[in-house]
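Chain IDs A, B, C and D follow the sequence of writing; residue 1 opens each chain.
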Amino acid sequence: MNKERDLVQAIADIASGSTIMVGGFMTVGTPEILVDELVRQGQENLTIVCNDAGVPGGGVGKLVRSKQLSILITSHIGLNPEMGKAMNSGEAQVQLVPQGTLAERIRCGGTGLGGFLTPTGVGTLVEEGKERKTLDGKDYLLELSLKGDVALIKAHRADRAGNLIFRMSARNFNPLMAPACQYVVAQVSEIVEIGELDPDEIMLPGIFVDALVLAPADDQTRTNETEGGAP
Amino acid sequence: MSYDYRERIARRIAREFQDGQVVNLGIGMPTMAANFIPEGVNIILQSENGFVGMGPSPVPGQEDPDLINAGNQHVTLKPGACFFDSATSFGIIRGGHVDITVLGTLEVDEQGNIANYIVPGKMVAGMGGAMDLCAGARKVILATTHCDKDGNPKIRKKCTLPLTAVGQADLIVTEKAVIECTPEGLVLLEVAADCSIDDVLQATEAELMILDTPGVFA
Amino acid sequence: MSYDYRERIARRIAREFQDGQVVNLGIGMPTMAANFIPEGVNIILQSENGFVGMGPSPVPGQEDPDLINAGNQHVTLKPGACFFDSATSFGIIRGGHVDITVLGTLEVDEQGNIANYIVPGKMVAGMGGAMDLCAGARKVILATTHCDKDGNPKIRKKCTLPLTAVGQADLIVTEKAVIECTPEGLVLLEVAADCSIDDVLQATEAELMILDTPGVFA
Amino acid sequence: MNKERDLVQAIADIASGSTIMVGGFMTVGTPEILVDELVRQGQENLTIVCNDAGVPGGGVGKLVRSKQLSILITSHIGLNPEMGKAMNSGEAQVQLVPQGTLAERIRCGGTGLGGFLTPTGVGTLVEEGKERKTLDGKDYLLELSLKGDVALIKAHRADRAGNLIFRMSARNFNPLMAPACQYVVAQVSEIVEIGELDPDEIMLPGIFVDALVLAPADDQTRTNETEGGAP
């Protein structure tokens, strides 16, 4: 088994109109090489699921600038004013979801659960259109699962079977998104032979990964070091 | 507001931390509080993008591209740190395993309601992790100026902005006062050394209860 | 039932496996199927107690005390195996990431209902992971004798025992027949070389549809 | 910080009448030393949450034999006939829960969720008394979270801050139970200094662990090698 694939081919399997989950938190853990190729190929009318809107021209911000992004399901767009402008002009839509709820909705999508009861958002705008449940005197909202067609994720090490190990805070949404999507491409810094990774240290089983794209480490520096803002 | 006021707020908040507590700090004044932790008190900083055991900023040039805090700043690790995914991170937050979260706010009211993520008509940022932190942390401390930059009170009878959480505020620390949020209403605990009780009451729209003589902080 | 019949069932089931599939095998005949996988087909075995990449039994004396399968037997690992906790394990199962589960059964009926975990009045064992496997795996294959040890049919018009899952059976493999469960009812796909169609029909309470001439297996 | 504690003291903090979650799957990953001490101290009227009933005289089976167990919340008791007998005689109660539902209910208990929607058990005895929801034509049951007073878990390596690394299939329910309980005792084979474990390899953050009990490796062999039965 060898899941390593050519970058162009791996991205060419993505259709316009797809729902794509993209890993990363403020571009840390975002597979920039995969996003760059998606921009180059120009698939349109994409629904993107990502913790945030990245930064102008960085992370999923690249898809905002290229106008490939039609809908963004996210917790925060504060570090990318271009997303705010696209939203206000009606070019793109934004669905805001509390960060913990977003993570859990994606996890539910990958694990066959229909939804979950969370205290987050009770009594706020987030409650609109949702069912409220009271258990032992505490209020919860019923939030539903979220799935995607494609996950674009980034990991540190992989074996050829697609088993992945993430690094530091670049882990974030990456291992959650893979199970929730039909087609999963992972950008990785290193690919080793099957059996070289310790089975106790693998963070995402290879059964969730369809394609590995090897990206040299020097291509993986952060696109933009804009700091500040509260995601 | 002068830097002195910001430091005063951060310094006072740091006195709330107890040894061994797990604390999540928002950006700005909340993050500053980490600089004033009393000697002998060790806290564990949680960062909602996926780790506990956050340390201070790195020496310039020593930044690790894979290690940022939730405010998008490069940080370091303390010994004993560990990483996890975002679902686990918010499981820690919602599950009551964060003892204290410190956040800024736009408004807070007599019912302990918090409004700190959106101003209708202005550019939207999004709630990020704030709603989960308010709903989940055992104690929610608001670090805020007493009034907004136009001099309007931020401590309201009733929040006018869209809420982040209902009834979750526990303590409000401003440059003028320390106020506890109780089921009966807001209680004035302490007044800043350069303020009078009247100063505080005048700058506050909400009703403040004074149960004992307020303490003094500086 | 003779060992030959058990092997026949296991051998036939192994022909359902396709290269690269993730498969969960129950104890007994389902586990035996792993011995008959066609050449060139590599499958990944999932064990619901927390890993993928299960290998065969260890050499005696080489057992690792921390490595058992869900049937409480010591096993080995194949290269590329990895471990996870029980919530992740059942996330894999419920999330449709197990292509095939093979289970024994007490009864199965025309609606694809499965009853394989409890006999009222007898000692209760519990459902373990069977309900999750039936509800979650993409394809549920039942490995069973055609009749129980008293000669009563196990393939029923309607299950009489408490159900494990509603409408989740996809394929039934017995020593006499291979039967597909479809929304329209049960379809007889294959008959064992030492059986006639009549033999199968007589041993089956459920109605069996015959769409094409059934194939033969041995 | 040093969470290492004396075995006797660590268990003495457990009261009669407690709800105790015990890690392990067919005794693999069960902290036998902690259970032995609980038997010795004799706390009574315990509600035990465990994947299974262990084996006669092994795992939580020790608490069945000692009659300390009043209620068992579990997925399977088939390898411990003593549990079946205690149940049939009315000495103890058993609440059967599908294994995946049990794992997820415990996870919800630890992560502040009130419950979740699962397809498991729809149309079976498990559905009794539960709400059914239909989403996109698929049926789900609303299952509620489960919490405990005490978790007794087993790990392979720990640092003095309580960060844990599990080994092979002994991981199972252990990392899920700690967050769901007020007081968590971990039996470990090795304790290292803080900072010696790789932050990317730690499987359970030390913030969830109250006490570490060091148990020499030779005390940790499986109590009983009974094989067969389908948990």
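The working rule: a contact is a pair of C-beta atoms (placed from the backbone, for glycine too) under 8 Å apart; a residue touches a chain by one contact, two chains touch by 3 or more.
Predicted, not measured: the structure shown is a model, and the values here were computed from it.
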| item | value |
| --- | --- |
| Centroid-based (C-alpha) most distant chain relative to subunit B | C |
| Distance between chain centroids, defined by C-alpha means - subunit A, subunit D (Å) | 33 |
| Whole-Å gap between the CA centroids of subunit B and subunit C | 55 |
| Approximate Å spacing (C-alpha centroids) for the pair subunit A, subunit C | 36 |
| Subunit C-subunit D separation of Cα centroids, rounded to whole Å | 28 |
| Multi-chain contact sites of subunit D, meaning residues that touch two or more partners | 104, 107, 112-113, 118-119, 166-168, 171, 199-200 |
| Touching two or more other chains - residue numbers and ranges from subunit B | 51, 83-84, 90-91, 93-94, 135-136 |
| Each pair of chains that touches, named by its two labels | A-B, A-C, A-D, B-D, C-D |
| Subunit B-touching residues of subunit D, taken from the complex the two chains share | 1, 107, 110-113, 159, 161, 163, 179, 194-195, 197, 199-200, 202, 205-208 |
| Residues on subunit B engaged by subunit A in the complex (per definition of touch) | 26-27, 47-51, 64-68, 70-73, 83-87, 89-91, 93-94, 104, 118, 123-132, 135-136, 162-166 |
| Subunit D partner contacts - residues on subunit A that touch it in the complex | 104, 108, 112-119, 133, 135, 138, 140, 142, 144, 165-168, 171, 199-201 |
| Sites on subunit C touched by subunit A in the complex | 20, 22, 42, 44, 51-53, 77, 79-84, 90-97, 135-136 |
| List of subunit A residues in touch with subunit B within their complex | 25-26, 28-29, 51-52, 74-79, 81, 84, 87-88, 94, 96, 98-101, 103-104, 106-107, 118-126, 156, 166-176, 220-222, 226-231 |
